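Submitted below is the structure of interest, expressed as structure tokens.
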Amino acid sequence: MEKKTLVLGVIGSDVHAVGNKILDYSLTNAGFNVVNIGVLSPQEDFINAAIETNADAILVSSLYGHGEIDCRGMREKCDEAGLKDILLYVGGNIVVGKQDWEEVEARFKAMGFDRVYPPGTSVDTAIRDLKEDLGLE
Amino acid sequence: MELKNKRWTDEEFFKVREEVLSQWPTGKEVDLQEAVDYLKKVPEEKNFAIKLKKAKEEKRTLAQPRAGVALIDDHIELLNYLDKEGGADFLPSTIDSYTRQNRYEECEVGIDESIKAGRSMLNGFPAVNHGIKGCRKVYESVNLPVQARHGTPDSRLLAEIIHAGGWTSNEGGGISYNVPYAKAVPIEKSIRDWQYCDRLVGFYEEQGITLNREPFGPLTGTLVPPSMSNAVGIIEALLAAEQGVKNITVGYGQCGNLVQDVAAVRALEEQTEEYLAEYGYKDMVITTVFHQWMGGFPEDEARAFGVISLGSTAAALSGATKVIVKTPHEAVGIPTKEANAAGIRATKMILNMLEGQRLPDSKALQAEIEIIKAETKCILDKVFELGNGDLAVGTVKAFEQGVLDIPFAPSKYNAGKILPARDNEGCVRYLMTGNIPLSKDLLDFNRARLEERAKFEGREVGFQMTVDDIFAVGKGKLIGRPEGM
Amino acid sequence: MELKNKRWTDEEFFKVREEVLSQWPTGKEVDLQEAVDYLKKVPEEKNFAIKLKKAKEEKRTLAQPRAGVALIDDHIELLNYLDKEGGADFLPSTIDSYTRQNRYEECEVGIDESIKAGRSMLNGFPAVNHGIKGCRKVYESVNLPVQARHGTPDSRLLAEIIHAGGWTSNEGGGISYNVPYAKAVPIEKSIRDWQYCDRLVGFYEEQGITLNREPFGPLTGTLVPPSMSNAVGIIEALLAAEQGVKNITVGYGQCGNLVQDVAAVRALEEQTEEYLAEYGYKDMVITTVFHQWMGGFPEDEARAFGVISLGSTAAALSGATKVIVKTPHEAVGIPTKEANAAGIRATKMILNMLEGQRLPDSKALQAEIEIIKAETKCILDKVFELGNGDLAVGTVKAFEQGVLDIPFAPSKYNAGKILPARDNEGCVRYLMTGNIPLSKDLLDFNRARLEERAKFEGREVGFQMTVDDIFAVGKGKLIGRPEGM
Amino acid sequence: MEKKTLVLGVIGSDVHAVGNKILDYSLTNAGFNVVNIGVLSPQEDFINAAIETNADAILVSSLYGHGEIDCRGMREKCDEAGLKDILLYVGGNIVVGKQDWEEVEARFKAMGFDRVYPPGTSVDTAIRDLKEDLGLE
């Protein structure tokens, strides 16, 4: 199978590194070419990495609660940078506190994210969706 | 100024201090003499250091939540709720993530937006922006000692403001608030900046005001082998003592095997005292803090109560002086005040029921204490060696060489060569030992324990175990066995 | 028929049986041969006795809730909910209070009213009225072994119906389902009636069908000293074994001091096996059940989770085969199915995390085991002596003379002369020893432990301690210290 | 002070004995003359004991969940037996399950109980109310 490239990172002032390392390991194992920009990454770093590596998808993690603020305008920035229709996923604990998931998902979809994942999402789910969205298998 | 584990001179301190206080307008409000007078009026029961000392004497384990919101009045309401409805013994003020990165302008925006939105848009209390006045208002509006809890590599201005604000404890340290909390802050820099925070506390001690300092024991909260976190705690205690700190709470994050957890706390307390005595620090008051499970939680609240309760049990049986409380919302998001208070009540129920009870001394417990102490000593010996006897220098070199190495840490100054995994009883062991200088016996011991598990599970010792262990508690188990076991 | 601890002859059994089966119309449905054929088809994983034996071999602790409602379909829904949403390992069917008093007419009313009201008007499942068909429907509609849990002094008809109905375990015993559950039933009568229940199980054993029997360990659930409940459990195990029962689960209700709790379970298991061997009973399978705190609960659900979790921890660390689960609604009323499942999930989280972990052997643990065993032996020796070697006779006399004496029991055949209280570590001790035949050493030991507490609390040893201890857990503590301590 | 007589017992098929023993002990200590008919007591036993001892109040406990059924008609039976306006208290866990307390209290008051106590009521509360209702102190 053709190797698809994913940019992976944790957005904003967020230092939660464990999920990021696990995602890196598991997505690589699943056959993806993973470009991991790590924690504490501003939107620009995701976009620059995606341009440089000609990536097929950007996977944003946000754990610490400021996800909503940190992700605002990301789709627009991608568009401006010429990353037209690049797949944008976001997951982790993307909002502050326990909130109604349907509403949260809708808010992030409205921001232009293709897929939005609740806390506790397994890596398998991410892999399955990536394969579907990237037309693999 | 060259990094050294040596008490800063007043000249050095006050020179740096000028720069620190100018980092944000509220810095100018800090007047040390006025602060000393203010702190002298803090009654004993609202002084963190004194309350801890008493708890230790009375052999009690006290409970503290984490909590913080953007606005002063809301924060006060939250803290008083946790006191009244939760029964907290100590109060926190969790600081927001922008303050932790010294981005006070963004805090200002967060405060404004919070006022507009009518709810906290920050994940903590921006103490620097609220300044001494804000901190004092908090301190004066509550009935318990207050501590700043954060994760700030450079916490100098924050330390100035909170202590002058009547908060009698500060969490953190040059390693523990850098390596798990930053990507690109040199160890050298954070140690120096925390020497400042410690020196500030030392200054207050010299004025007759005792303040508490608490290295952050759990580090990344994720399968950190006890000897590694104990080594870090002991280093930070020694560094703090050198700057004149007298009242130190060393910490440990629950791993999950009861015997290992109790052994770790006992080894930590005993070795900290031994090292402090060996290096000549006198009149130290050493207490311990046990953190309920710091890794991924189960989403289900009933299961989360189980995890919280097991942590409380281990804390009580270990004789830790304090326990840091998680909440039933842990896996999902910052807890409501109700969920937070519920976590405290479950915890205190167990602390109360186990008051005075300890895990009895036994061969198994002694053996585990010996292992942890021996591993810790191997690491510390090498750190001192690398620094030619200077602990601060040794620490920097130890990170460079992977002698100190924190699993899953985001810092690029951390080697990231070691990997932990659970053995067949659930104790956290070293799977990949990277460059940590364990003796052959200890290397063999770690390996043998993991081989035992591998045999039981019918698979090889390897990274998959680590991965499975990381997810295990979230999925309702301690050990990440293969599916269907 | 004179009371004797002797296996009933078939003649005796079948004569009484006729009368038993005619107590209520559903009795006539029981055909032993047909029942044997039916029970032969019960798969291993749905047989209570076999699943317990396996758990013991695998050194696992399994969880069982309490639950029961009036109508069959609702009951099935409830049980399956506790399986799926709670993760129960065993299922109960708690029997309603009218059935327990053999008042089947009132059950009929309760069933009718429940149908009309659309919700259960009975506090349990009226198994006799629902008959074999009803019980089999329950058994066939669930995926786990089912047990009857009740409190019925005369459970003969109930036993006939539930076993023929596919329920492979019955809780109770001639002492444990009389003294705490009745006011005016002679011990002689309930022992005889439970000999019947045991003989029935013995009969099935002879047909190659193994069924489990479980003496009710906690008795009044209120500060029962471990040696008293262990003595009762051992007596009931011996009485059951004589009638041919092979698979017995002896039980203990949590007292609250971890070392005492673990010691009690270990003493219970070891002594039960010793006595059974001594009296020549072979091929016995002895397992243990640990009841989470059976006394008054705190109303607050978070605190209740704490109590539940501490019980789960003690159960796991004691190595008990099974734990009976309480719920966060305990203090208030019969739990909703959601609250019941939450109790199981909290429990199983802890059992899973502690899987394979035990309280390590230690001097303190051994000492407590020795004390409990010695006290138990004093009591049992005297019971045998009073019966001139006949345990059934001895038991009746022992209650007459207060040699066996259950604190706070409603039965008028119970002397009610002993009073328990906690010592300074929270262990339950004998405060007033009534007529229990403890050796001088043991009397002194109990007294000394209580004096130690009295000294600590600055008051006299006395009934006020007992009263304070009864309320303590409900109020959030283990030991009922004077106000403000 | 004049010694007031109280009839105490646990109604119906209920065997919960602990609270009953504690109430007996504490009310006696507080200076009342306590006539304790114990557990498993039908309405008739309460009424007979009250007549025989010329009691000032009847304290009914119900713990096991059938309290509502067991207490029905008790006030009427008291009236019939000539115990006009005798004080009737009930407490314990008087209904099945967790229910809204205001409603429960209203139901039992409608049945003619003068005071209705929720789970966890302290003995002190009972003593205070008794003194008030019986005009002591």
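Order as written gives the chain letters A, B, C and D; numbering starts at 1 within each chain.
Here is the rule we go by: contacts are C-beta pairs under 8 Å (C-beta built on N, C-alpha and C of every residue); 3 or more make two chains touch, one makes a residue touch a chain.
Since we're looking at a predicted model, the values are computed, not measured.
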If a chain touches chain C and chain D alike, it appears here: none
Chain A-chain B separation of Cα centroids, rounded to whole Å: 30
Chain B and chain D, separation of their C-alpha mean positions in angstrom: 54
Centre-to-centre distance between chain D and chain A (centres being mean Cα positions), rounded to whole Å: 65
Multi-partner residues of chain D (each touching 2 or more other chains): none
Pairwise chain contacts, counting only pairs that touch as defined: A-B, B-C, C-D
Contact set on chain B toward chain A in their complex: 97-98, 100-101, 103, 120-121, 123, 151, 180-184, 220, 222, 295-296, 299, 329, 331-336, 339, 408-410, 463, 467, 470, 474
Touching residues (chain side chain B, partner chain C) in the complex: 256-259, 298, 300-303, 305-310, 312-313, 317, 341-343, 345-350, 352-357, 359-365, 424-426, 473, 476-479
Chain D to chain C touching residues, read off their complex: 12-15, 17-18, 21-22, 25-26, 38-40, 64-66, 69, 93, 95-99, 119-120
